[in-house]
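Heads up, the next two complexes both have subunit A, just with different partners, subunit B and then subunit C.
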Partner chain A sequence: MTRPTPDSAVDPPATRPGPAAVTRKRSPARAAGFRTPSWVGWLFVAPALIVYAVFVLRPIALTVQYSLYRWDGIGPSTWAGLGNYARVFTDPDLFASILNAIKLIVFFSVIPVVLGLAIASTIRRIAASRLALVARTVLFLPQVIPLVAAGIAWSWLLSSTGLVNQLLTYAGLGGVARAWLGDFSTALPAVGVIGAWVLLGLCTILLLSGMSKIDPALYEAARMDGAGPLREFVSITVPSLRQEIGVCVTVTVIAALASFDIVYVSTQGGPGNATMVPGLEIYYLAFSERQVGMASALAVVLMVLVLVVALPIQWLTKDRSS
Partner chain B sequence: MSRRTRWNGAALAVVMGGTLAAGCGAPGGDAPQPEATGASLAAAPTCGTAPVTLNAYVETGFPLPKELSTEFSKQHPNVKWNIREDQFAVITQNAPRVLADDPPDLMRLPQVSELVKNNLLKNLDGYAKAFGWDSWPASQLEQMRMVPGGKTRGEGSLYAMGLNFSMTGVFYNTKLAAKIGMSSPPATLAELDDALAKAKSAGITPIAQFNGGATGGLAFPLQDLMAAYGPAKPINDWIYQKPGATIDTPSNLQATQHLEKWIKAGYFWKDVNAVDYATMMSRFIKGEGLFMFNGDWESGNLDKQMPGEVGFFLMPPAQQGGKQAAMSAPLTYGISSKAKNADCAAFFLNWVATDPKAREIGVKVGGSHPMGPADAPMPEVAKDTVTASTLEAGAKIAEDNGSMDFIANATGAIYAKSWTPQLQKLVAGQQTPAELLKSVQSDYTSQVGGS
Partner chain C sequence: MIVGRRETWTGRLLLVLLMAVTLMPFVSLFVTALHPSGSYPSGLEWPRDPQWGNFVKAFQAARMIELVKSSTLIVLGVVPVSLLLGMLAGFAIGHLRMAGRNLVFLAFVLGLTLPFEGIITPLYYQVRDMGLLNTRWAIILPLIGLFMPFAVFWMRAHFVNMPDELSESARMDGANVWQLFWRIHVPLAMPALSSLAILLFLWTWNQFLLAIVLVDDPLKRTMSGALGAFQGQWGTDMPLLCAGSLLILTPTLVIFLVFQRRFVTALLQGSLKG
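Right, the complex of A and B next:
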């Protein structure tokens, strides 16, 4: 092959900083005695830090504070201590919403990552062909479409007269046809399928760019040792993609736990709370039930849950070789 | 180096601490102070002659408020309008904050109780006396009355006014009705059941209704059935949060069982749990259902989309000649307690109910019955339209004193969190009528006692 594949062109090894670039050199100014006052550094950080503090840290602190009160958002509030947190875990509806979010991980994380790996290695094999470009574009498209539009389009596809049921009927499976988003047993999986569709492209592209970094010599060596495509995949591709897989899993698990838009547009939590997730529940609690304290408590629980799930994934997939 | 680290740490603490400190102290309490009663007025207020700009916050998608404001400015040229529009759901969510932070003179409102509790609405008792609203049929204003600072709605001071009041009942497709030999609206519940069964066996979906997402539309037929089996007053008491009121009564159980019978007989679409309001309307207009439980806000629309092919009747009583009831609600508008032009806004509300031209706009554009005295002149409406039959139904409800608020309005959360999921479960066969009522009642008790 004479010309580089599109993928390897994206990230040629030469541009990556080697260990030498990291070693610090004394700056000439400092050596000459112009010592920069320490607060100048803060001056540079200040704009970002202030924005971060005002728009991220302050809301988090306020949420924690509100979660300890009973408050309707306007009138006077009363101290509730940890009462709101107790209700998050004892109210069956609120707790069920957390369980639904955990079930969504299967669709939002497992399917996109596993399928993404398979698709990425397939596309890699045909990397030079035009088909690969088309496949990547088609798969990444859901990331470009606003989620609300995607949700609306999918709710048409999945409606009782939608394309999915029409295809099923043509295939002689008319008996299976139903209003997928309005049926208690299929609503949550149907929402999950929408999420999987959205996130599959992201995972595929991430994994594909990771694959382009793998030294082709490794594959060559494996082939000489008589390894088949499956063996190559298990022994070389997957271990080399440890960090990329880590990023995919983290991003998609957070998307599952903190899901809101897809559910809001397609089912609004129905039927009968079958697709209620914490993000949506927080919104309902704060803006229709006006229980700002409860909503805040659930938000804090959700944040802790995301951290509890995401941090171990980060630790497990950390690149230990460096 | 260690000194610098300390300095850095201190700076970080100041920045973080400063932003966080803003959050200290219990939240809330910035609501206006209570106004004991509506100030009594020497004479009925007017908009005067000096230029005034009224700030209004109205519901988008409904032309009525705009048409009224245009006509008002024509008659009172010193009044100009600054109108902001949003969807009703957005208005519902924003109402308290908007009334507290950016008080409009006139605002479309959801149910008033939470707003009154926080003193966000002007007490209109003074205006009611000055303009003589007290002498109108009491049921028109009942839903907008509340004891100041109290919990019970339906009595006490007046906190809002209607631009008109809407009426619910049953629309029917006259073409499909002819197919099953139904020449006149059913007069009893048994006759309605009979028509439903005939439609079903003729291959027509008997009832077009929505029950998807967060809005359980089966609450419409359910409340109509409740009113057919029992009196309207206990249902209103429950909605108004009168002490000791319950929805879990024997007659309401009969009503819920009746609804379950309809579900099991397949009278609704199979995918009713996935049908939203807009889908229901488009399917009904396409002729995919005989009956539809809905309100007269659609009369004008249906007269336009299927002229001469739609009829309307009030839910028939269980016994021949029994009293009839219907959900009926004013198109609620309130004045912020901090409004700058409250007098002019009140004058406008009175003008809407009493000016002949305004009443005509109310009927022609709004499709609903105007507010105002019982003997006020009614605008002419063509005889064979749905609008004519809904207006007629309004008169019958007034006669039977059968006006009810909607069971979805009992508390802020009862519709989305109780009625909707419970009715969706009833459709799926995952809930029994007895348990449904028990569950809604227990949610209600915790919400009423809880906040």
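Right, the complex of A and C next:
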């Protein structure tokens, strides 16, 4: 994606390359391609393409098709046109699930990226120490374990008698203690905290490894010019990390919009619909409420939403210098 | 570079704090798991009489041996095939550069951000019509398809950087395309391939949605899906649930700690490329 590909319009002619063509690295005649007919390449692509078409492309097409019908999954279906889509945007419960996913971005993306940046720039100078090496492993743990396990562990931490409330009581804040995941006003932020926990380590390490590639001379020059840490951060660190920040934002935003595992395990969308997200709503609509058409319309909206959000971030943060 | 003493200490303190927050859920799981089964312990409190037997009980209740076997079978079904297909397609798109490659590459790339929930409904009916519901194939086959965008993307990124001279000289020696691929390029692709293998292993082992929708029997699911069922069954018995969760985590943790270097590199590269 980042590397410019030579134009695909014509395949190189099947002539023998001159000696000059062989010695240059990426010759216009493209040595590897010139004796291989196109169909051989397609033969190599075919197995992957077939599996992809059967288990991804076809289901995508079917989702779009289902979304235009009213269907209970068993009996005959009736044409609904865009009715299902209209309901997705007008039904308060359905639309709320989309809004919830967008609110989760604050916790899944903004907090890990901002906090990750702050932490990474603070520990940048000790990035080579033993402690930092141990931290690299520890901070990756949330990425390795199943999200389900993270959900179970955090439901326990956030429960009315859990560790979070215990710590709050020690700190003299016993008054705010509550069942965080069971309270209408705090359930969504509490789910967000679980997501932030999962993604903070990844973002921190990713940003830290990006910072290690910044030329230290830049910082020294800035110091000589009398720049403080904040100035340094704003004019050197952040611009140099454009690509890494882009990756963090993309990964975490998709995690927020398409969240399922954590919510399923920790709240199942409740209390009420306070933590309902599109992924979970699709699951309920399709498999317990038997509204396949509605589920599919929401699925299409979700797929488009993810694409619409992810593509501009890619485009904005792409390194255009190369 | 002059490193301020205070700056270093702030950094260390912050790092330790961050690690503490990261480890807190695990510690809480562990301590709770040692409380008497069926009790409702509060917060983080070391039990007066640690019940190590809870782990044995959870091991039996979760039927760990069968679970590990099931997840292993699924991983063995998904990962090698995905690697091979991804390599073949990545090689063709990145190195053979046949006509129309940009189009097919675009088709794969668009699948990179696809949320699995988006296609789970038709996937259910499709898998049912294929007669595969409640078998491990119901997880294996769709996962291979769902992993194709990333696998192809990843392997293309590797092959596109391989110098053409390499293939050229092999051709001079009379190698055909398959020999060129299998004898020259596959051995050279090992580092990229092993990182990809780690990522695919992790994503298969932790796959939840496909497991709970397409397979009812927890013993035919992935670890993650089985944990979901375990929670449903033992959710009211906190110590046992914690013990079971820890046990189900253990295989991933062991593998992670053994291969941690490769894991961290793979995850970093993986997110940078993805």
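Quick note on the criterion: the second predicted complex is superposed on the first by the 287 of 322 C-alpha atoms of A that agree within 3 Å, B and C clash if a C-alpha of one lies under 4 Å from a C-alpha of the other, contacts with A are read in each partner's own complex, and residues count from 1 in each chain.
Methods note: a residue touches a chain if its C-beta (ideal position, glycine included) is under 8 Å from a C-beta of that chain, and two chains touch if they have at least 3 such contacts.
The structure presented is a predicted model; accordingly, all values stated were derived computationally and were not measured.
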Partner contacting more residues of subunit A (subunit B vs subunit C): C
Touched partner set for A:L49, first subunit B, second subunit C, both or neither: both
First, second, both or neither for A:G272, with subunit B first and subunit C second: first
Which superposed partner A:G75 touches (first subunit B, second subunit C, both, neither): first
Touching partner for A:A171 - first (subunit B), second (subunit C), both, neither: neither
First, second, both or neither for A:G182, with subunit B first and subunit C second: first
Touching partner for A:R58 - first (subunit B), second (subunit C), both, neither: both
Partner chain in contact with A:L139 - subunit B first, subunit C second, else both or neither: second
Touching partner for A:M303 - first (subunit B), second (subunit C), both, neither: second
Partner chain in contact with A:L230 - subunit B first, subunit C second, else both or neither: neither
Contact residues common to both interfaces of subunit A (with subunit B and with subunit C): 38-39, 42, 49, 54, 57-58, 62, 66, 73, 287, 292
List of subunit C residues in touch with subunit A within their complex: 1, 3, 7-8, 10-12, 14-16, 18-19, 21-26, 28-29, 32, 40-44, 84-86, 88-89, 91-93, 95-104, 107-111, 113-126, 141-142, 144-146, 148-149, 151-153, 157, 160, 163-165, 167-168, 171, 177, 181, 202, 205-206, 208-209, 212-213, 223-224, 227-228, 231, 238, 241-242, 245, 248-249, 252-253, 256-257, 260, 263-264, 267-268, 271-272, 274
Residue ranges of subunit B in contact with subunit A within the complex: 4, 7-8, 11, 15-16, 19-20, 22-24, 26-31, 92-93, 96-97, 100, 114, 117-118, 120, 211-214, 269-275, 412-413, 416-417, 420-422, 424-425, 427-428, 430-431, 447, 451
Residues on subunit A engaged by subunit C in the complex (per definition of touch): 1, 3, 5-6, 8, 10-11, 22, 25-27, 30-33, 35-45, 47-49, 51-52, 54-60, 62-63, 66, 73, 119, 122-126, 129, 131-132, 134-150, 152-154, 156-157, 161-163, 165-167, 197, 200-202, 204-206, 209, 216, 219-220, 243-244, 247-248, 250-251, 254, 257-258, 260-261, 264-265, 278-279, 282-283, 286-287, 292, 295-296, 299-300, 302-303, 306-307, 310
List of subunit A residues in touch with subunit B within their complex: 38-39, 42, 49-50, 53-54, 57-58, 61-62, 65-66, 69-77, 79, 93, 159-160, 178-184, 267-273, 284, 287-292
